[in-house]
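See below for the structure under consideration.
Here the chain labels run A, B, C and D in written order, and each chain numbers its own residues starting at 1.
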Amino acid sequence: MIAYLTTLIILVAVSALVGLALNVQWGVAGLVNFGVVGFVALGAYTTALLAPPLGWFPAMITAAALCALISTVLAFLSIRLEENYLAIVTIGFGEVVRILLLNESWLTGGAVGIADIPRPFVNLVPPRQYDLMLAAFALVLVAIVFVLLETLVRSPFGRALRAVRDDATVAAALGKPVLLLRVKAFATGGAVMGTAGALHAFYLTYIDPSQFTSIITAYAFMAVIAGGRGSNFGLLFGAGTIMVLLEATRFLKDAFAVIDGTQLAALRLGLIGLGIVLLLILRPQGLLPEPQRKANDFFPDHEGTS
Amino acid sequence: MTALLEVRDVSKRFGGLAALDHCSLSLKRGQVTGLIGPNGAGKTTLLNVISGLVKPDNGTVHFDARDVTGQPMHRVATLGLVRTFQIVRELGGLTVLENLLLAPFHQRGEVISGALFARATVREQEARHAAKARDVLKRIGLWKLADHSASALSGGQKKLLELARVLLLEPTLVLLDEPAAGVAPPLLKDIIELIRELKADGISFGIVEHDMHLIGAICDHVHVLAEGTNLISGSFDEVTADARVIDAYLGLGV
Amino acid sequence: MSMPPVTPALSVQGLRAGYGNGGDIVCGIDIDQAPETVLAVIGPNGSGKSTFVKTLAGLLRPRAGSIAVTGRDVTALSPARRVMAGLAYVPQEANVFGNLTIRENLKLATEFLRGRPGVGPAQRELVMALFPEIAARPKLLAGNLSGGQRQMLAFACALLANPEVLLLDEPSAGLSPKFVGETMEAVVRVRESGVTVLLVEQNVAAALRIADEVMVLVAGRKSLRAPAKDISNADLADLFFAKAG
Amino acid sequence: MIAQLVLNGFVTGLLLALPALALTLTFGILKFPNFAIGAMLTFGAYAAWVANSLLGMPLAVAAVASAVVMALVAMLCDVLVYSRLRDRGSITLLVSSLGISLVLENICRFAFGNATRNFAFEVARPIRWHGLRINQEQLITAIVVIACVILIQLLLHASPLGRAMRAVADNPALAAVRGVERQTIARITWCIAGCLTALSGVLAGLDRAVDPLLGWNYQIPIFAAAILGGLGSPTGAIVGAIVIGLAEELSSLVLPTNYRQIVSFAVILLLLLVRNRGLFGGKAVRK
């Protein structure tokens, strides 16, 4: 049972990281990234390739940096024109990454992928308890990223992003460098997606293109919508509940012998799609509200009517 | 050259229509200057060109003796030349207080490194800005609604909030685009009062407006625009007595 | 002003209107307009002229009061149903379909307005005679027309529905002086073809030249109504520069 | 050799023209690029496959059946989702279309699994003509698409419905004054888009094979074609599609064939960099 629990923790941790990243990009800054899976895959493969020569930590950092760099380039290219184009460019990016992974076998190992990826602190603990340690590592990683992103969202930087999301012209009239702010937000999200890819690689120790399907993008959007756009706490709840719900469908497979693996995967993704649509219509504001600075943060005696 | 803002020979065409046609005028430091004229005279286009929202086809704009022609709006704003919008645009996702905290320039917390690693400075700056914001909100009677989302305010309150937000930028020159439009008389009195006080504090104003009562009440100097160019300038009384202005207004053409 | 013996083409009683939860912009207006006349509605900006004509056209639901065309109440009708009841409207901007040709704009003017008496080839001939320029080049895209021609096309489209009353919202807006003259002449031709015209106009002089009557709006109220010839520039200037009141 | 590539490219372009046209028509009404276009194509292909292989209908009849089904599905999406989210901004509509694409694609995967399926349709031998090899699918694609394009152009430019659709796309408020209800026109446009996507699903199924990722593989080229055409002009979409088809086919001189999608992506990036508007209008630059 423990093994199953650690797996669940790590899976939730990966999707939480991806969700936190998308929340910065879309929830706070209003930038639609339909190529989430491309950045996660890029993070995973960079880590897998660089971990042997450089060690797991420098590989993870480089993966995050590379994803941030590519996010900057893509964001700068399309945001100059109009938000809708970023969605189209990112969906293209996701697709191109998938094709390169499959066909550039000299680098990525093609369909076979890359195996025995070195794992963090591998000699710290006997192999039997390693998964438990990795689950702890995953939780610590999520905690660190959460604190960093929550600080950013609650800081003047987050406030400026929310202003740009609400009305970019007014933000510019108040002297805010709109394009620079958006590119920074998109790059921050990209870096966190790269880290999520790294964690994914450390957990599975072997990666191949089939692990990076559009379900990762769908999970992220569902988690952000369910959690409440702009709210990192809400996002954690969202990511957690979705993952638990979907893992529950695993037991569904045992209950209904008739459903095979493919159908189960289809059912999950279809339910996620339905969930995205229903949530957008019925509960657009999501679980938790966006964090806002209240008057009594500064003036405890403020008896304003909230 | 005491002129704070110098617009020389600015033209701007949208498709066939010449919104601005070799328009030249200047705004003096410490004065409230009115920009009036019939619909379609190019008033708002001129304001958009000066503030950097729109690039002129030709001509130059100098602010504080610096050439700002064609500079993007966010850079022009940080030089102290700020503007409001004809149709009020409040930032709905932010609270009333946050709308004001957003205003000040070069906040240490608005860059990632500052937000993460200079938390003390950021906290100190936020407290200072919050104190200033509270004073302004109390002055315009919105302090009680500080935690309300800006989208919940009434039309008039949103206009006051936009004015307050601009003041926290500590500007040198404020361009107001029809501040009186859709504002009830009692509120109009508050706006006039506020502008007078700020003028006393040394802030200069440029006001595009149709409400002659407001223009007559607070403008030291008035430029009359017609068909994209500066028809005549002078005090409100001189200008409104001039036959050409009445003709322009009544549409007899320049 | 003796009561017109014949039923008024347009009759407005106690009309009040405004946007969202804001205050009233149109604060109780009453007018009866005799058939086949041009009534110019003028006033300084922010006087509620545009809101008034949008409410008459049905784009804005009135808060109180009633609107009747040749005695028939249209207050609750949608813009399209009002056209069928004989009340046509030409908006200030975006009053033609730029991506359609002149011929297509004209066809679309009445294609979906079944049941309006008098619509048909005869009406088409009449309207085309009024605007020869438009009739000459049916294949031209409306988006490529000059300001003046665009107004002509917009007028023609409204007239094809054989209206009793035509509402015009600042047709001179954005036009160079030459086109303003042409547009006003077109309004005169429209009236001579038997249509009553309510003309909201910023360009007071141009409106006065062709109007039979004038109504001056200030802050949403009727502050003056008189035959056009009795209005002098002097008292108009006072109204405009808010010296009076 | 080049001539053969040009021919193949032209036919692939024609195949892209129908979904690109459907995307442009719905963009005209709701002002957002419908991301479910790929999944709708897949769904159409499966509907035709069911009618053809399971119910034994000849392919032509199955195609018509699929068109009807897809018209209903597209209209249903508008009634249940898009019209409710209409005034919530294009970003919410974008994300909702992502949701719909997941639902449609996975209904097919759930019902028929990942195996590839083929239509019960015996393909005649390719025709030789001046050294060019023209197989029957290409002929069918050319005929069907050209017929559809002519029909659509006639509808748009010579019928009251077409005028009404173009009027609503240009100025919904004025169209309402002319008695054209935006809601009904939107429904009809979605039906037409559904039919076009279903037919392109059948043609794609013939050209390649029917599997849950069929539409997804066309998604990027369809967007490239629509953007190249100016995302708003039907004629532009058709020309854009043919250009993309040719670019993909000719790229096989330089790139391995499974890199075709990268060509479309490169075209999109290049376009966004160089031209801020497509060939035929549809302003893309921020106002």
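The rule we apply is simple: a contact is a pair of C-beta atoms (placed from the backbone, for glycine too) under 8 Å apart; a residue touches a chain by one contact, two chains touch by 3 or more.
Being a predicted model, the structure only gives us computed values, none of them experimental.
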item	value
Chains in simultaneous contact with chain B and chain C	none
Label of the chain whose CA centroid is most distant from the centroid of chain A	C
Centre distance in Å when chain B and chain D are each reduced to the mean of their C-alpha atoms	48
Inter-centroid spacing, chain B versus chain A (mean Cα positions, whole Å)	41
Geometric centre distance via CA averages, chain C-chain A, whole Å	57
Rounded Å distance, chain A centre to chain D centre (Cα mean)	31
Overlap residues in chain D, where contacts from two or more other chains coincide	none
Where chain A touches two or more other chains at once, by residue number	none
For chain B, residues contacting two or more additional chains	none
Touch-based graph of the chains, sorted into line, ring, star, complete or other	ring
Full enumeration of touching chain pairs	A-B, A-D, B-C, C-D
Residues of chain C defined as touching chain B within the complex	20-23, 25, 44-46, 146-147, 170, 172-174, 177, 180, 201-207, 233, 236-237, 240-242
In the complex, chain B residues that touch chain C	16-17, 38-40, 154-155, 180-182, 184, 210-213, 216, 240, 246-247, 249-253
Chain B-facing residues of chain A, complex	148, 151-152, 155-160, 162-163, 165-167, 169-178, 181, 184, 188, 230, 290, 292-295, 297-299, 302, 304-306
Chain D residues within the chain C interface of the complex	160, 163-164, 166-167, 169-171, 173-180
Footprint of chain D on chain C - complex, ascending	57, 59, 78-80, 83-84, 89, 91, 94-100, 104, 107-109, 111-113, 157
